[in-house]
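Dropping the structures in below, format is structure tokens.
Each of the next two complexes has chain A plus one other chain: chain B in the first, chain C in the second.
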Partner chain A sequence: MWRYLGRRLVQVPLVLLVVSLMTFLITRATPGDPVQIMLGMNTSPDAAAAMRADFNLDKPLPEQYALWIAKVATGDLGRSIRLNDRVTSLLAERLPISLQLAAAAMLFALCVSIPLGVIAALRRNTWIDYLCTGYTVMGFAVPNFGLALILIYVFSIKLDWLPITGIGSAEAAAGGWWAYISPFIVPAIALGTLQTAILTRLLRSSMIDVLSQDYMRTARAKGLLPSTVVIVHALKNAMIPFITMAAVQFGYMIGIQVTIEYIFAVPGMGSAVLNAVVNRDFPVIQGFTLVIAAFFLFANIVADMLYALFDPRIRY
Partner chain B sequence: MALLSVRNLYTSFATDRGVVRAVNGVSFDLEAGEVLGLVGESGSGKSVTALSIMRLVPEPPGRVTADSIAFDGVDLLRLSEAQVREMRGARMAMIFQDPMRSLNPVLTIGRQLTEVLRRHEGLSAAAARKRSIELLEMVGIPMAERRLAAYPHQFSGGMRQRVMIAIALACNPRLLIADEATTALDVTIQAQIIDLVKRLTRERGTSVIWISHDLGVVAGLCDRVNVMYAGTVVESGPIRELFHRPSHGYTLGLMDSTPRVDEQAGHRLRPIEGLPPNLIDPIPLCPFLPRCRVSVPACRERPPERRTFSERHWASCLADLAS
Partner chain C sequence: MALAEAPSPGLKAPRAAGSLRLAARQFPRHRAALIGLIVLALICLAAALAPLISPYDPTKIQLSAKLKPPSFEHWLGTDHFGRDVLSRLMYGGRTSLSVGLLVVGFAFAFGVPLGLASGYFGGRIDNLLMRLVDAFLTFPPLLLAVALVGLLGPDIQNVMLALGLVQAPVLARMVRGSTLSVREEVYVTAARALGAGPGRIVLSHLLRNVMSPIVVQLTIVFAAAVVAEASLSFLGFGTQPPQPSWGRDMSEARRFLGDAPWMFLAPTVAIALCVLSINFMGDGLRDALDPRAWRTRRSVTVSEKP
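Our next item is the complex of A and B:
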């Protein structure tokens, strides 16, 4: 187990190195000059040249990359061209907010998909099951920004139950727990609905598979209560692929919440990355991409560890 | 009074291609302490008969009807699901064919044993644990205390079937149904398991229904045999009488296709030709007729009738196999 974990962790820097090279090349290959965007068209060539030199942008590409990656290895992700702030301090500000939103979305996905998946499997091929399937199809089909707009219209504008924005705002921090939590609800639902659909489908099919196993007949033959049969004997087996998938999807979430953060004005990583892309803020794009990739990698490792934890047959 | 008395059991399953009549009017009695064999090939309705008695047939698609399934004087078909649950695992228990797949892979052996004790006997966690260790020792599992924390995949097939037996006998049931309990095991382990079941059930006076397609296993274990074909019992009798005087074409076919220890060199096994009938279409005559090699002209004219040879030996066959 620990040796396996060690092997997996050793791979992380290697993957990140590849990711760093790719993002570096992609940012440099796309048109647009960060300095020109920052300073505008009417600046003197001297000022632009000075700024380029300041960010090493005047050096050849291999050297630029080498200088940057050497710093990254020491934990320094450089400075933002646009905001003139350290990328690491930008991260420290924004990562916790994005993580909170991702966690809220995942919590929503888990709370909905576990009961839904179990009920759909138990009431297979009945109208309850079809209703659940309909919901998951909708979750797959409606893009999260579209869903976000619908939710905003219904819950925030028509019903006026929940705020649209306010995550990470001063009012939210100053108010009580409800003031803190309420702005998360609509974006978390908009963000988590796709994961809800994925996880419901997965749990339904793995539950159906488990319910047809011989050991389920044994459990019934023991005269156990239906709740014990379903929760202890069936769900514990069906949760193995589910938990793994949930961990992978959580790693995914940080990367895909860009649009949601933008729509709900969440001061998280997604909106920062989006701004950085628009402004060709190379150090921010590179640094944030690296962190998102690292997060995804760790989520996958956690998924594999959970697999071993929940399935006694698997030992690394 | 018999411990179990089944009268006119019919079990069918609704499928896309029609209603499959898996069990067609099975009746039999099982005395306290008696070991009854249910013999027949795959699809003959042995397992479905057992599952119907345990009320483990999923309804729908299944449908179980009977004049009565009286267990200890109580008609199981009249009980609610909750009432049957109180009996399953406590007063009637079952072990299944594939011990590899009949134990839950993610629960420890200890959990799977103690849960049935806690459910039916109301034991505390500590008492259930203590009793589980005794049960594992009883079925011959060494270092039982340490084995409680193990998972099924850490056990061999024979060991797992021993665990299944421990679970089934945990609450001292009056009836044990073993559905092909040794089929998936190799021959030496088979013999051990059969001996174990024999010894434990005899000690406790447990009645046993032993389901097998293997006449040899049944011969060594059972007091009486029901031979099943196409969802009906075609012949029934005490084991000796049945072996000395097989009185149904199918029983005869089964015996001719089973190797014997005492047979002479050069004796050839005779397989039963053909396939069992499909159970969707109604079968007006003897279901075994198309495959029977001792049929008489009357077989093609009227359904078979029951002929009695001794107090407990009868067969539904028109051919006179004694001559």
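Our next item is the complex of A and C:
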């Protein structure tokens, strides 16, 4: 297993290299000049040339890429053209917020999908199972930004229970724990509903699968408490694919937050990439996509490791 | 060669027609799939016939009738410019559905040959192609589409191109996987022994047998493309105003959330219905194309899926 982990970790820089090359080519091959956007139309050619030189944009493309990669290897992601700030310090602002939102969404997904999946599997073809199926079907069908608008309408406008914006704001940080947590609730539900649907469906089917195994009958025949049978024997085994899927989905979360961040004015990674794309802020686009891709890769490796950890039959 | 060629056209034709006909007979037995097909057909019809049947001009501004709730004149109400929401919905569907179709076409045209080549030839080609696919798949799809469209310019053609580029690798990976397993089947060895060349094996043996997972995957691609197009338009990267678009209209409805909930509800329901009916259809196709899941009678299920 450790050798497998080593092999996977060695592959990470290679995949990231391909990713970085692709992002680089995409940014350079498309129209739009960051310096022009930054300085405006009626600027002196000298100022534009100076700025280009400052960001190495005047050099040939292979050299630009080589210079950038060499810096990345030392942990320096360059400077933002737009904000004239280090990409790493921008990352330090944005990444924690995105991670918190992703964690909140995942927490919601876990809290709903585990009980719902288990109960639906135990009470198959009853109203609660149909409710669960209905919920998962809707979770797949309603896009997260549509769901976000519905939730805002119900919980923030009609009922006036929860705030719409405020993640990462000064007031949220200064007010108590509720002021800090409350802005997360609506976005987390909107973001996590698709994951809830995926995980509930997975847990339901793997629970049904486990419940039909011979050892379940043995456990019941031994006279174990029904709750022990369900939790220790069934759930523990059914959780293996569930945990893996949850880890994979968590890896996806940061990348799919864009629309949610846009609606709720969250200063996270997605909105930073969105702004960077509009302004052709190449260093920010390159740096942030690299981090998002790395996060996704590591989440996948963790998922595979968890799989081996929980299921002793799996050998890598 | 003559031996290999002679019997196959005669043997192939009735079998293909037969299995397709059997599949077509299976499909309506899946009730949800049938309902999905009907709903999707109605949505497509409403979008296609929008210029003929839409009650109003979707871009006509009439400020005297702005933010009106659903009524007899305006079935789904009006927006902040007094434009009819139902008409905008019908015209918006034209964009969403055509983007969906073109993305499916793009993904098929690029993903299937790539996957077949990768799976059939294996070795270095496979390694190179799959590492490229890996790199594509580490990008979150929506973010990649946003980056591509944002950099190319917000334009509906670029949206199609970006979404096609996002979806093709997914399909390629799936086709490669199916090809790998089908490649080892006895009938492929038999065909090779009879002297069939790689082109013939790939086209008439591999492609035919990986076709049913492809068809099912394409329904997923279609649904994903509809949602992605709406997301991009929502973020301001797709259809530009005043052209009607489901995603764009939802974005504008945000400012009137409390006063005119029908403005965001109508496109949300339209997208959800679209995705729902495509998903149901995909489930039905999956069962219809898989003989093991066929139902012998209407209510009796042969193999119950857990």
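Please note the rule applied: the second predicted complex is superposed on the first by the 314 of 316 C-alpha atoms of A that agree within 3 Å, B and C clash if a C-alpha of one lies under 4 Å from a C-alpha of the other, contacts with A are read in each partner's own complex, and residues count from 1 in each chain.
Quick note on the criterion: a residue touches a chain if its C-beta (ideal position, glycine included) is under 8 Å from a C-beta of that chain, and two chains touch if they have at least 3 such contacts.
No experiment lies behind these values; they were computed from the predicted model shown.
When both complexes are overlaid on chain A, chain B and chain C end up sitting side by side without clashing. By the touch criterion defined above, A:102 lies against neither chain B nor chain C after alignment on the C-alpha atoms of chain A. In the superposition on chain A, contact of A:220 is made with chain B only, not with chain C.
In the superposition on chain A, A:81 contacts neither chain B nor chain C.
Residue contacts after overlaying the shared chain place A:15 against chain C, while chain B stays out of touching range.
After overlaying the two complexes on the shared chain, residue contacts for A:310 are found with chain B alone; chain C is out of touch.
By the touch criterion defined above, A:141 lies against chain C but remains apart from chain B after alignment on the C-alpha atoms of chain A. Once the two structures are overlaid on chain A, chain A sits at the apex of an angle of 80° toward chain B and chain C, using CA centres and rounding to a multiple of 10. Set side by side, chain B and chain C differ in how many residues of chain A they touch, and the one touching more is C. Once both structures are overlaid on their shared chain A, chain B and chain C have a minimum Cα-Cα separation of 5 Å. Chain A makes touch with chain C in their complex at residues 14-15, 18-19, 22-23, 26-27, 30-32, 137-138, 140-143, 145-147, 149-150, 152-153, 157-158, 205, 208-209, 212, 252, 254-256, 258-259, 262-263, 270, 273-274, 277-278, 280, 285, 289, 292-293, 296-297.
For chain A in complex with chain B, the residues that touch the partner chain are 213-215, 217-225, 228, 232-233, 236-237, 240, 310-313. Chain C meets chain A in the complex at residues 131-132, 134-136, 138-143, 146-148, 150-153, 227, 230-231, 234-235, 247, 250, 253-254, 257-258, 261, 264-265, 267-268, 271-273, 275-276, 279, 306. The touching residues of chain B, when paired with chain A in their complex, are 54, 56, 84-90, 93-94, 96, 98, 101-108, 115-116, 119-120, 151, 153, 164, 167.
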